[in-house]
Amino acid sequence: MDIKLADAAEIAVTEMPPPRRAWPAIRRFFSAPAALFGAIGLVLIVTVAVFAPLLSPQNPYDLMQLDIMDSRLPPGSESFAGVPYHLGTDGQGRDILSGIMYGLRTSLIVGIASALVAAIIGTTAGLMAAYVGGRTESIMMRLVDLQLSFPTILMALMVLAILGNGVTNVVLAIIVAEWATYARTARGTALVEREKEYVEAARCLRIPGHRVLLRHLLPNCLAPIIVIATMQVARAIGLEATLSFLGLGASVTQPSLGMLIANGYQYLLSGLYWISFYPGIALLITIVSINLVGDRLRDVLNPRNAR
Amino acid sequence: MMTTLIRRAIQAGFVVFAMTLIVFVGVNVIGNPVDILINPDLNQAERLRVVQNLGLDQPLWRQYLSFLHGLSQGNFGDSFVYSKPALDVIVERLPATLELALCAMVIAIVVGLPLGLYAGLYPERLSSRLIMTGSILGFSLPTFWVGLMFILLFAVQLGWLPSNGRGETAEFLGARWSFLTGDGLAHLVLPALNLALFKTSLILRLTRAGVQEVVMQDFVKFARAKGLREGRIVLVHILKNLMIPVVTIIGLEFGSLIAFSVVTESIFGWPGMGKLIIDSINLLDRPVIVAYLMMMVVLFVSLNFIIDICYTLLDPRVRLDGKG
Amino acid sequence: MTALLDVRDLVTVFPGDGKDLRAVDEVSFQVARGEVLGLVGESGSGKSVTGFSIMGLVDQPGRVASGTILFDGEDLAKADLETRRSLRGRRIAMVFQDPMMTLNPVLRIGTQMTETLHAHETLSRQAARARARDALGLVGIPSPEERLDAYPHEFSGGMRQRVAIAIALLHRPDLIIADEPTTALDVTIQAQIISEFQRLTEEQGTAVIWITHDLAIVSGLADRIAVMYGGRIVETGTISEVLEHPRHPYTRGLIRSVPSENTRGTRLAQIPGVTPSLGRMPAGCAFRSRCERADGTCAERPGRFGGARAYHRCFHPHEEALA
């Protein structure tokens, strides 16, 4: 019976924040042309990445399909067997276009996975800190401040220096470098919510802590966290590309965009620009699209900007 | 004010100490130094000898103590690659990185501050909007990508500027600098611009936000009511109020410039600390890695400390509060 | 006698939803040399915007849309920016409401004073500093020499307002616009500042436009009074004329709502309703939604009844003197 009472009260308090209508928000989102561009770019990129095996002219990971005779061909040339290479080939005779499609997959997976895990860890930490308060909170936030005072690249380098190179370690490095941002945001929003009366009410009703956290504090922090996560996917992709470019990242057999660019770097000065250039363009489109979408999301989800 | 300073100093010391623990545990426990340090072709007896030589058979706390002992004397061990003390190897590269970072900072300030001021004073103008859009690009594009485009455009296509190395250097204050020779200066342009891009956007946006906040203030209106010329209002009344946040950021970001020079140095073959650390990670040159990381930790902690002091000096309000 | 300041049909607008909103609506008044005009109204009545319109400091995107501001024979509304700047601080000065906000927190008091001198005159640093020091002494700031090197946060609110007044008086201006200069101060400090201000402007023969919502202050200070409501001057005249014989129902309501010895023990009269926001002002007489005398004629815009220095805008003015 106790439980029932608590549930009823909880249902009542859950409804305290006004329900959001999805449709007007979506319409508002697309009212900005930049956001529309971003969204189109994003859909395109995700489609290409998901359906890469179907869309790409060649499987760039299958060494049997590569022919050294076809290496370093300029864009528009044809293979020995007569297949056109629209964007040229790299040093191993790999089709650049196919490389980009598969590279996008690696980049997106790394970006999304690391942003997601960092978001979960950071948000949990931030919420816990805000809810528990006291010493735990101050120690945790000290740690966050400290972490944020170091540039991401340095944190990532530190992790890679300790763990060694490789894709998994790059993901780990990005998580270590980025979790603090989420923690600070989650705590900030949760602190505002924590002082509100419905949380107080929930506490008085002895609703267990984890339920207050999950059902009251978390939903209120979600909007800013989503915005940050969107932007962080772009940052993570950029960071992964940077680390791969520095030779600390993804394996050579399944190159990400950064790796492709790095591979072409040695040919850049001899004028074989396409090996680096086209993957670079793909990276640019990816990052800019995600940022445009994230930027618009921030405007739309920010209650202060709502009209 | 003294008590605050002392408390800050103690905190900073504690952070450095904590970081030594992290770096030590990281390198010696998580990564297996035996695997990293010892040639796998060696036989068992030889391996054992190396382990003993490096003190890796000692208990962990003793290893940590001797690590701290070495640290306090600036001794990180000899670099495996260069067979010299690791710290010496790094310090040799310091001027190159410092030069690059300083140049980038100057560019970022000289470009970012006026543009931010302009965009903040006239937010409705088309040129301001263009500046802001440009700064978003500067924010979101990865540094290495822009560096590549610089090389492609200015070095390969146009052939205007060199894209690799420091060029000719000249001696000054006991170190060699590129900016003192024409050739060195030409080599400096692209890397410095590349490194400056992100910071320029940052300073620009910060300045703009600050201007928009300050122009709303009554004291700006009062300055107008006094009949001051617009130039003086902007350059003295508005700019001086902006200096506090901007100087803080410049100070903080100088450290991150040195950290980010890792990327720029690798692209442009600039022989500084950043390129060294990447090479060292790839070659598993552990003493150099540890020395670099510790140096960075000390750099960042001291930068934060110095900024705290600057803050007190710049803002007369903080100064008084500290006294009272 | 020609007026020092002659404002005619001044209209200052702010762009609103679709149409311009008139914050100042066909305001006309005159100020003679050495005269003190009290500009009275509630917040939002347009009195501060009137002051800023004269200074040429209306906040963007607001602007003076029409009317003339004749200052010593010259129309400021048509003057170029440099002419206006050279008048500001030299011949027309202004004192703001909140002394905590008007001084730049990161500049020394001395700098903020001497820069005002350097903006309009060529003089040496030493001479400027000496003038600044004298001006500080004049407004009753002890040990002015040392205080020149202090920062604003080292002063109390009352002291800061004295500094602001000293700055306004530096060039012995012909006109000072005082925008509620005592509202943000403690009552005891208020009295000091007012008497100090009165003494100095009388000595220097400076004309004053004293903007306030406080009738009590104006009655002891001003020679003439202009009452604003909804962006318009609803009634103006000499202080005794308006206070003893208010014609406009709003003026009457305003006077009645001030507690005084005569009203002790009785219920204080109040004006019913609240001031509508700028976009919701009724057409015709702005006050008619709250006026007990309003009828159909009030839907039309009341003109000015009377002369340039004393008029009211009401179709049904009170004729009898205030009891």
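Some observations on this one:
For reference, chains read A, B and C in written order, and residue numbers begin at 1 within each chain.
Here is the rule we use: a residue touches a chain if its C-beta (ideal position, glycine included) is under 8 Å from a C-beta of that chain, and two chains touch if they have at least 3 such contacts.
Just so you know, these numbers come straight off a predicted model, no measurement behind them.
Because contacts link the chains only in sequence, without closing, their graph is best described as a line. Of the two chain pairs shown, A-B and B-C, the one joined by more C-beta contacts is A-B. Measuring from the averaged C-alpha position of chain A to that of chain C gives a distance of 57 Å. Each chain gets one centre point, the mean of its Cα atoms, and the points for chain A and chain B are 25 Å apart.
Per-chain Cα centroids separate chain B from chain C by 54 Å. Note for the complex: chain B touches chain A at residues 15, 23, 26-27, 30-31, 136-137, 140-145, 148-149, 151-152, 155-156, 163-164, 252, 255-256, 259-260, 262-263, 266-267, 277-278, 281-282, 289, 293, 296, 300, 304.
Here chain C touches chain B in the complex through residues 55, 57, 85-90, 93-94, 96, 98, 101-107, 115-116, 119-120, 151, 153-154, 164, 167, going by the rule given at the top. Residues of chain B that touch chain C in their complex: 217-219, 221-229, 232, 236-237, 240-241, 243-244, 315-317, 320. Every residue of chain A that touches chain B in the complex is listed here, in rising order: 146, 149-151, 153-154, 157-158, 160-165, 234, 238-239, 241-242, 245-248, 258, 261, 265, 268-269, 271, 273, 276-277, 280, 283-284, 287-288, 291, 295.
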